[in-house]
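Next, two complexes with chain A in common: one pairs it with chain B, the other with chain C.
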Partner chain A sequence: MSVIPPLEVTDLTTTFVAGRRRTEVVRGVSFTIRRGETMMLLGESGSGKSVTARSIMRLYGSSADVGGSVRLAGRELLELPEQQLRAIRGGQIALVPQDPTGALDPLRRIGSQLAEVLGVHGVEGVKTAARRRAEELLAMVGIPDPKRVADSYPHELSGGMRQRAVIAIAVSCDPQVLIADEPTTALDVTVQAQILELLADLQQRLGMAVLMVTHDVGVAADFGGRVGVMYAGRLVEDGPANEVLSTPRHPYTAGLLDSLPTPGVTRGSLRSIIGSPPPVGAFPAGCAFAPRCPQARPSCGHEDPPLVAVAEDRVAACPVVNAEQVVA
Partner chain B sequence: MAGYLGRRLLMTIPILVGVSIVIFITIKIIPGDPVASMLGPTGSPEARAALHARLGLDDPLPVQYFAWLAHSVTGDFGTSLARHDAVAPIVFDALVNTLILTLAAGALAIVLGLLIGALTGLRRTGIAARIGNAFALFSISVPQYSIGLLLIIYLASNAGLFPVSGMHNPNGGGGFVDLFNHLILPAITAALVPAGIIARMFRSSVLDVMSMDFVEALTARGLSRARVMRHAFHNTVPSLLTVAGLQIGYLLGGVVFVEAVFAWPGIGLLVYQSITQRDLPVIQAGVLVSAFAFVLINLVVDALHGLVDPRIRT
Partner chain C sequence: MSDVLLQAENLSKTFGNGVRAVSDVSLTVHKGETLGVVGESGCGKSTTGKMLLGLLAPDSGSVTFDGVPLAGLGRGRLRALRARLQVVPQNPQTSLNPRLRVRQSIEFNLRAHGMERAARRPRILELLERVGLTAVQAERYPHELSGGQLQRVAIARALATSPDLVVCDEAVSALDKSVQAQVLNLLAGLQAETGVAFLFISHDLAVVEHISDRVAVMYLGRVVELAPASQLWADPRHPYTRALLSATPGQGRERIVLSGDLPNPADPPSGCGFRTRCPVAETACQTEWPPLAEAAPSHQAACVHVSPVAVPG
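And then the complex of A and B:
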C-alpha cells in the first residue's frame, strides 16, 4: 500500500485577474513532497516561485484563478469551500513569510498573537493554557527567555527573534506542511544560518514536509532535499539538490550556478546570464529561456520542451542539453 | 506610558507660553488705541494720558505681558470694553457653545469620514466608491459659508424644516430638542471639510494597512476575514486619531464662518464681533482660550495615541 504524501501538486496554474486583464504567472507546476522531505523552489524574481507557494494555500482569493490540483494528505484544496480552508490554513499547512516584521501585527504582543492562532484552531482555548503553550512554543524555536518575548511587541525584538516568533506561530498547530517563502532573505547573514538550522531541526522533530522558496543557490545547497528550478512560471529542472546543483541538466540551472562567486577565483571571472527574464505575462513562445540560452537552436523558439526523465529521480526540460549528454 | 505622558505634558508648557506671547504681540501690533475707543471722540488728551497710565499701557512691553499673563492664569481676563462686563464669563459661555457645535460637527465628521474612507478604501472601483470620492473632494473644496447659506435658504427659510439661526428659540421652547434642531444645520456645515479630509486620510490608511504583509500572514494563519479586518482596523486607529484630533482642533478655532452665518453664540462669533468693536480684552481672551483648548485636545489625542500604539510610548 502506498503512503499518501502530505503535499501533492499537479499541473498548478495561477492566472491573476484584474478586470478583463488576465496574467498567467504559474504555468503547470507539478511536484510531490513526502513526510519529512524538503522541496526547494529556486529561481529569479518573477519566476513564479512565491506565487506557486501562495497558490497552494489559496491566499490570492478572487484576484487569481488557480487551476490544476493541490492535494494535502490526499484532500483536494482547490475545491474546498473557504470555511474549511480556513481550518486548514495555519493548522495543517502553515506559512513562514519572507519579512517577519510585516508578518506580525505591530500593535499586539507576541504571546497574544500566538494565543489567537491556538484559539482559532481549537488547540488551546483556555487563556492560561494558551499562554503556557505559547511560551513552550517560543522556547521550542530557540528563544532563550520566552516569558519576556511573549510579553513583547514585535518592534521590541530583533529581526532574528521576530522570525523565530513567526516560525513559532507557524508550527503552533503542528502542521503537516510548512511553506517557507524566502525565510532568511530579510535577515542578517549571521542570523540566516541559525534560522535555516532551526527550520531543519523543527522539520526533523515534527516530521513536516517543507516547501521552501528561495532565490539563493547557497540556501538551496545548504538545506538539501529536492530542488525544483523555476523559470517563467514553469519547473525547468527537478531532482535531488546535490545532483542538480553539481551536474545541472538545464542551461538555466547551469547559468545560475555559473553566476555564483567561487572562493579563490579572481575578480572579474563572474559570469552572468545574458539578458533578463521575460516580463510576467509576456512569456515567449516555445522554451521561455531560449532567447537567453547560449545553446539555443532554431527549434527552441517554437517547440515547448516537456519535462522528461534525464536520470534516476531527475527531470529536466531541455532536449538540447540532454540529447548531447545521451550521445556523449 | 507614564513617562511618555509626563514628557508630553511638560512639552505643552513651552507651547502655551509661546502661544500667549504670539497673541500678546499680535494685539499690540493691531492698529488703534484702546483708550481712544474707550473714551470716545470727546476724550481730552489729559484724560487719555491719565487712562493710559492707569491701565499700565505706559509700562515696558515685558511688564505688560507678565501682568496680563498673571491675571489670565488666575482666570481674570479684565473687563470688556464694549459690554462693560467681566470678560471671563462671556468667553467661557461662548466656549461652551462652541464646544457643543465642535463636538457635534466632529462626531459627524468622524462617522462620515470613516464610512466614506472605508468604502472607498476597501472597494476602489464601482459606483459607490466613485460617489464617495466625489463627495470627499466636494466637501473639501466648497467654502463653508456658501454651503451654510444654501442650507439656510433651502432647508430653513424655504422649506422651514430647521430654525434659521441662533441656538435656542427665544419664544419659549428650549431644552434639548430645541438645541438639537438648532444644531443640525451648523453642525453639518462645519463637518463637511473635516469629513472630507478624514475620509481621504482614512482611505489611504486603509489602503496602506490592507496592503501590509500581515493581512496575508493572518489569513495564512487561518483567521477569519472578520478577525483579519479587526487587526487591520486596529492598525488604522493611530493615523485616524491623529487626523481626527487635528480636525477637531481646527474646528474649534475655525467655526468662525459657520458661527457668523448661523448666528451661533460661540467663541468665533464673539471674537468676530469684538474685532469690529475693537474690544481688545475679549479678543485676547477668546483667542487665548481657543488656543488653549486646541493644545488640550492635542494632548488628549497624544495620550490616546500612546494607549493604542506601543511603538510610540517608549
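And then the complex of A and C:
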C-alpha cells in the first residue's frame, strides 16, 4: 500500500518577473516529506531556501512564475485557483515566518487574531467557543498565562512569546504541513532553544510534516530529520541530517561546515570558502559553485551536474564526489 | 600589570526611560589580546562598547585608555586618542557613506587624523591590500560590493590610523557563514601582524569563543562570568553561561532550556538578575546580585553556587 505523502515537490522553479526582467531564483528543486517527518532547507543568503518555501504556498502571486509541481496530500497546488488556495493556506498548510512582529496585526489582541483564523477555516464559528479554543492553543504552545496573553496586544509580549503566539495560529487548524521559515533567527539563543523544542514537540503530537528553512547549520543538526543543502537556487545535497552534516559529500557542504568555528578549539585559522555566494540573478553557468570550489574541473564551468545517489538515501550534485569522497 | 591598554572600572549607565543598561561593569583589555563580550539582546554589551569608545558617558565609573582617563578629555584630545581607538560596526551598509567611494571613506579617516594628502593614497592601497581588496575596488561605491567586501572596507578604515584597540561590535554577525570565516581569519591575521587588540562584541558564543583570548559573559547589564576562552568552554561556572553554551545549536551538549524570557531591564528582579530563569536559584539569590568571585585561577563568576575549586589539568 502506498501512502500519499503530505508534501511532494517536483522540479520547482521560481522566476521573479518585473516588467521584462526575469530573475530565476529557484531552479528545479525536488523533495518529498512524509507524515511526521522534517525536511530542513539549509543555505546562505540568496540560495533560494525561503523562496522555495514560500513558492510552495504560492505567496508571490503574480510577481513570480512558479513551475513544476507541488502536491499537498496528492492535490496539485500550482493549478488551484486563488480562492481555493486561500482555504488551504492556514488550514492544511501553515506558515511560521521569521519575524513574528510583522506576522501579527499590531492593533488587535492575540486572542482575536487566533479566533479569526479559526473562524475563517470553519473550525470554530461561535465566538465564545473560539475564544476558549484560542486559550487552549496558547496553553499548548507553552504560554504560561493564556488568558492574559489572549487579551494582550503584540507589543506587550516579548519576541519569544510573540513567536509562540504565531505558532499557535499556525497549528490552530491542525495543518498537515507546517512551513517554518527561519522561525528562530530573530530570537536570542536561549529563547531559540525553547522554540525549537516546542516545534519538535508539536510535530510529535500533531504528526505534521515540517519544512524548516534555516541558515544555521547548528539548528539543522539539532532538529534532525532530513537536510537539503541549497546553493544558487538548487539543492546540491540531500540526505539524513546527521549523515550529511557529519560526512558531507558535496564540496559546498564540506566548505560550509569547515567555515564554522569548531567547539572547544580556540584560535587557529578557519578553513573558509573563497569568494562569496553569488547574488540572485547572477548565478554562474554550469555548476554554480565551481568558481569557489577547490575541486572544480574544467568541465564544471559548463556542465550543471544533476543530483545522483551517493549513498543509501543520500544524493549530491557533483561529478567529482561521485567518483571519490570529499576529504573533509 | 604594565601591558594594560584599556581599563573600565565599575561602569554603570541608566537611560532616560529607566532602562538600567549596564551596572557595575569592570573590564580590562591588555595590549594585543582579544577580549570577547558575549550576551543576548539587551544584556548591555553594545552600551558597554560605546562607553569604552568614549561615545557615551557612563553615569558612574571610569574608562582609562593607556593610562589616560576618557572622562574630562576635551574634544581635541579625545579626537587624537580616537586614532588609537577605533570601531568596526555591525552593518557596513549603513556605516559607510553610500555617496563616497571606498577610497574616500578610508581617506576621510586618514584626513581626520592629519595625514598629508600625498601620503594618503599609498596608505589606502596598502590597507586595502592587507584586507584582501584591490585598487579597482578602491574606486567602487558601497552598493557595488558584497557584504563581506564591505566589512573588509570597514576593517581597513578602522586600521587606517594604526590603532592599538579596535572595538568590533557584532562585526561578523550580518555575514554568511562562509564569508564570516574569511573575515574572522582576516582579523586574526591582522592581529598577528600588527599587534592590535580587539574588543569583540557578539551574541554568537561559538564565534566569540573562537576569536577571543578571554571572554566576558554579560546578562542583564552585568558581567556574570569572565574566563580564558578555552576554560569558559571546558568548565563554565555560571548557570547562565552553561545554559547559553548548551543552547548554542550544534554543540551536542545536553540542552538546558531556560524557562521564560529575559527580564525587563527597566524593572529587573531583586537580587541576582538571573534568578527568575535559573535552574539552581535559592532564596539567598533574592537579596543580592553576587559579586564576581574567583572560581579558578583567572576565572571569575558571579554566582553564590560558585565555590573556589582548583581546575583539574
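Simple rule for what comes next: the second predicted complex is superposed on the first by the 323 of 328 C-alpha atoms of A that agree within 3 Å, B and C clash if a C-alpha of one lies under 4 Å from a C-alpha of the other, contacts with A are read in each partner's own complex, and residues count from 1 in each chain.
Note that a residue touches a chain if its C-beta (ideal position, glycine included) is under 8 Å from a C-beta of that chain, and two chains touch if they have at least 3 such contacts.
Please read all numbers here as calculations on a predicted model, not as lab measurements.
Engineer: Let's test your reading of the overlay: on chain A, do chain B and chain C clash or fit side by side?
Structural biologist: Fit - chain B and chain C, as placed by superposing on chain A, sit side by side.
Engineer: Put down the vertex angle at chain A formed with chain B and chain C, C-alpha centres only, nearest 10°.
Structural biologist: Here the answer is 70 degrees.
Engineer: If we overlay the two complexes on their shared chain A, which of chain B and chain C does A:V217 touch? Say first, second, both or neither.
Structural biologist: second
Engineer: If you count the residues of chain A that each partner touches, which comes out higher, chain B or chain C?
Structural biologist: Between chain B and chain C, the winner on chain A residue contacts is C.
Engineer: Identify the partner contact of A:V189: answer first if only chain B is touched, second if only chain C is, both if each is, neither if none is.
Structural biologist: second
Engineer: Please work out whether A:P277 is in contact with chain B alone, chain C alone, both, or neither, and reply first, second, both or neither.
Structural biologist: second
Engineer: With both complexes overlaid on chain A, does A:S45 touch chain B (first), chain C (second), both or neither?
Structural biologist: Only chain C; A:S45 stays clear of chain B.
Engineer: With both complexes placed on chain A, how many Å separate the closest C-alpha atoms of chain B and chain C?
Structural biologist: So the smallest C-alpha to C-alpha spacing between these two chains is 13 Å.
Engineer: Per the contact definition, I'd like the list of chain B residues that touch chain A in the complex.
Structural biologist: Residue positions touching the partner: 212-214, 216-224, 227, 231, 234-235, 308-311.
Engineer: Using the touch definition up top, name the residues of chain A that touch chain C in the complex.
Structural biologist: 44-45, 158-161, 188-194, 196-197, 215-222, 255-256, 258-267, 269-274, 276-277, 279
Engineer: Touching chain B in the complex: which residues of chain A?
Structural biologist: 54, 57, 59, 86-91, 94-95, 97, 99, 102-108, 116-117, 120-121, 153, 155, 166, 169-170, 173
Engineer: Contact residues on chain C for chain A in the complex?
Structural biologist: Contact set of chain C toward chain A: 40-41, 146-149, 176-182, 184-185, 188, 203, 205-207, 209-212, 229-230, 233-234, 243-244, 246-252, 255, 257-259, 261-262, 277.
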